[in-house]
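The same subunit A turns up in both complexes below, where it pairs with subunit B and then with subunit C.
Up next, the complex of A and B:
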């Protein structure tokens, strides 16, 4: 794509900044060809691709270069958009909120700095991928693991900073200690890391005084260059229970029975339960099931269920731990579900080590072939209380909206104990402008519907960051005003990730709500 | 190789000529084995055109690598080491867009950028069922080659 400059910046001024950046990282790590820019675009953009087009990218190799890049950005007023591996697909990928921003690609900071098997943590840089971490642990024979999300090719640091999650639960809750480069180029260590030579930086969270780790999550206050993450000891045994529920309404009792088991610690992490369509979209194409108008009819979903031996809702409940306690926990789960269904659930047992040995995969990306041609996806992901009635209501409203817009419904509900996160995967046929437009309209109405219920997204696409942030409007947007006061105090030139999650620095505040 | 394969490979090479040229296989062929930067031709076994494209490049000196069990594993287990061993190596393929997206992103931190791309419709077959997917032909090369 041709170069898009930051709003109001001349090409000459921008080029001067690039020259200075080349002096910091070397000419080969300032990426400003059309092809380079293309790799940082949102590959699934349904609207105007230029709305989030980067001007270039800069890829520092170490902490000192990150600091120097920040200073150059301040001197030249260059907006930066930091990414770890840029795999935030469905939410904008590596693309910046503000068009013309320079992507600050941290992929070269890719060292696993420390792993402590006894205390169950690692300290890693943002460019380390799930695969790198898995490989490191496996090669060293370390009996620890970290949950990997469905699209498992990103960065554990980046994923945690966006509140990504896996079957292990919310990854941001695994964060313990960070090294952060602030917008002025200075370096901060959070928690116990503020004490030089701290022996507990990545084991004890809070240090002394305020805890700042979570202030850098989903924010634009600093660039994280190191992070402590708690890892999970590989369990002795994993029991997998394949759950298949035949009726749409079965979702309600499932939530009401399983959530208390999560709260009591009988089950760990989170439990995902998905529509039957979710199981076929990565292993078949739409044309094999349906070629008629509108969304997939329920009769087609019924056929999928029959042909694949699935329920309307399907999921795997994992019970991890010691063999004796696992069996007791399995009995509790089966007893709870047995109150509502006579269906037999398939139960399998494996050693934790054999489960942990499985590496991350990206086979789930095959969902992009659902329509044939160019495919994309976006996620709409509101959070609601863990009540069967609330979850069923959300499902019914959402599915009705999908049907109304002629989009195939595909939902997953992640049970977290006290809350449920509903990830609605919208597969987009990018070769069909009408389908893309309908998907956008559907997204708009879902945001509005969820807001009316008091539910907000836990994470959203670049296009919707301002809208979602605006729905947190208690006391005339007191939270947003506070976020932006902090932003202006530490980033007066507004160089770091302007607009991320609706936080706009004063220098760019007039861009709020821009396309 | 049967006649059908011969025709398909010829047609693919003609249709994707800019990518083939950018991959450097012809120079490998012309200069003789070992005298030029290696070319790694990857393919998705699910798509016949992808396999045949890689096979056609193999005949011109490229080393063929299947994206198995998936593109992520292929990068970490084979391609990354091959690029480290031969920094001037080029990677090329006719694959799904998602596999190209993954590979180009992973290869970026090894200093490789897209040198050429070209859309190519193709059908594939998995489990006896025919599928349609838009494939893309591409070349990844070090940035000084791309410049």
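Up next, the complex of A and C:
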């Protein structure tokens, strides 16, 4: 793809910046061929992928080079878009919010710096993948694990910085201490890391005074070059309960029964419950089920349930811990569900070590084959209170919108205890412009519907960052104004990730809402 | 349609590159496992998708005898259907060459 420059920048000025960057990282690691630019585009964009086209990429090898890159970016007013592994698929991948930004690819900072088995933490760089971390732990025989999302080739650091989660829950809550390069190129260590030689940087969250770790999550205030992450001791035993609920309305009582068990610690992490379609879309193609007009009819979903022995809602409840307490917790779960259904649920037991040994996968990518050609996906993910009535209402409204737009409904509700995160997957046929356009219209209306209920998204695609940020508009957008005052104070030239999560520096504020 | 175009482009690019297959095989196998295996081993998503598109005999890349190095390079950098593109940071040219040599080797196949 031909070069797209930052808005308003001349080719000559941009080229001077590239020369300076080559002086920092070496010519090999300034990637500015047409082919290189293509590799940083969002491969699954619903709209125009070029609306988020990078101008080039720069890949420093270490902290000092990251600092030097920031200084060059300030001197030449180059907007940078940092990525860890660039696998934020469904949310834009490696592509920048502002077209013409330079991708700051941190993939070469890929060291596991420390793992402490006794205290259950690691300190890693952003280029480390879930797979790398798993391999490191396995090879060293360390009985610790970290929750892995659907795609194991991503970065634990990047995932935590975008509030990704797994069955272990919200990964940003595992962050304990960071090393951050600020937009001026200076280095900050958060929490106890601010004390040189700290013995508790990655074990005790708060230092003295404000805690800044979470200020760098879903923000554009600094580039994280090291992160402490809490790992989980491998449990003695894992019990898996295969839950299948036959009726759409069963979702309500399930939320009301299971959420208190999460709040009381009977269950841990989060519990996912998905439509039957969720396991059909990654093991078959649409044409095997339905070739008619519009969205998949409920009658087809009923056929899927019958042929696969599934319920309308399906999920695996994991109970992990010591064998004796697991059995007691299983009894509590079965008793709670038994108040509403006579269905027998399949229960299996395995050692925690055998579960941990499985390791990360990326098999979920198979969903992209649903239409048979070029597949894409985006997720719409609002958060609501853990009330059966609220969740059921959200499901019914959302499904009706999917049906209205002729898009196949596929929803998962992640029960977190006090809240429920609803990830609605939209699979897109990128070979069908009308299908892509309908998906975009559906997304717009879902944002608006959720906002009317007081529900916001926990994370979103580049295309919707401004729209979602705008829904946080208490007191005339007081939060956004505060975020941008901070941004302008620490990044006066607006070089770092302009527009990320709707935070625009003054230098680029006129780009808010731009495509 | 896009796949057919890529095949056509690859055919044009094929220039009878010889590969030092035997020498590269140990590194190539390990690199392939590390960089590609997560999708392209027997239970991977890439294998599943290839089986749907081309049939079982063409699904496992390691077993195929018809792959050409320029085509492998092209798909790694441009992606294909559900497979995303790989940057030169994630998959450096040098690694890609070794993997291509491994997949186009003349030796025994699993």
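Please note the rule applied: the second predicted complex is superposed on the first by the 515 of 515 C-alpha atoms of A that agree within 3 Å, B and C clash if a C-alpha of one lies under 4 Å from a C-alpha of the other, contacts with A are read in each partner's own complex, and residues count from 1 in each chain.
As a convention for this text, contacts are C-beta pairs under 8 Å (C-beta built on N, C-alpha and C of every residue); 3 or more make two chains touch, one makes a residue touch a chain.
Predicted model only: the values in this text are computed from it and were never measured.
S.K.: Given the touch rule stated above, what does A:226 touch, subunit B (first), subunit C (second), both, or neither?
M.R.: neither
S.K.: A:171 in the overlay: touching subunit B, subunit C, both, or neither? Say first, second, both or neither.
M.R.: neither
S.K.: Looking at A:288 after the superposition, I want to know if it touches subunit B, subunit C, both of them or none. Which is it: first, second, both, neither?
M.R.: In the superposition, A:288 contacts subunit B only.
S.K.: For A:205, select first, second, both or neither according to whether it touches subunit B, subunit C, the two together, or no partner.
M.R.: In the superposed model, A:205 contacts neither subunit B nor subunit C.
S.K.: One more residue to check, A:86. First (subunit B), second (subunit C), both or neither?
M.R.: In the superposed model, A:86 contacts both subunit B and subunit C.
S.K.: If we overlay the two complexes on their shared chain A, which of subunit B and subunit C does A:366 touch? Say first, second, both or neither.
M.R.: Both partners.
S.K.: Give one of first, second, both or neither to describe whether A:41 is in contact with subunit B, with subunit C, with both, or with none.
M.R.: second
S.K.: If I apply the document's touch criterion, which positions on subunit A are contacted by subunit B in one structure and by subunit C in the other?
M.R.: Subunit A residues touching both partners: 31, 35-36, 38-39, 43, 59, 85-86, 94, 105, 107-108, 131, 152-153, 285, 360-363, 365-366, 368-369, 372-375, 431.
S.K.: Touching residues of subunit C toward subunit A in the complex: what are they?
M.R.: Listed in rising order, the residues of subunit C that touch subunit A are 1-2, 38-39, 43-46, 48-49, 52, 77-79, 81-90.
S.K.: Can you check the complex and tell me which residues of subunit A touch subunit B?
M.R.: My answer: residues 28, 31, 33, 35-36, 38-39, 43, 59, 85-87, 94, 105, 107-108, 110, 127, 131-132, 135, 152-153, 284-285, 287-288, 359-363, 365-366, 368-369, 372-375, 431.
S.K.: Where on subunit A is subunit C touching in the complex?
M.R.: Counting only subunit A, the residues touching subunit C are 29, 31, 35-36, 38-41, 43-44, 57, 59, 85-86, 89, 93-94, 105, 107-108, 131, 152-153, 282, 285, 360-366, 368-369, 372-375, 431.
S.K.: What residues of subunit B sit close enough to touch subunit A in their complex?
M.R.: Going by the criterion above, the answer is residues 69-73, 76, 96-99, 101-102, 104-106, 108-109, 111, 113-115, 117, 129, 131-134, 143-144, 146-147.
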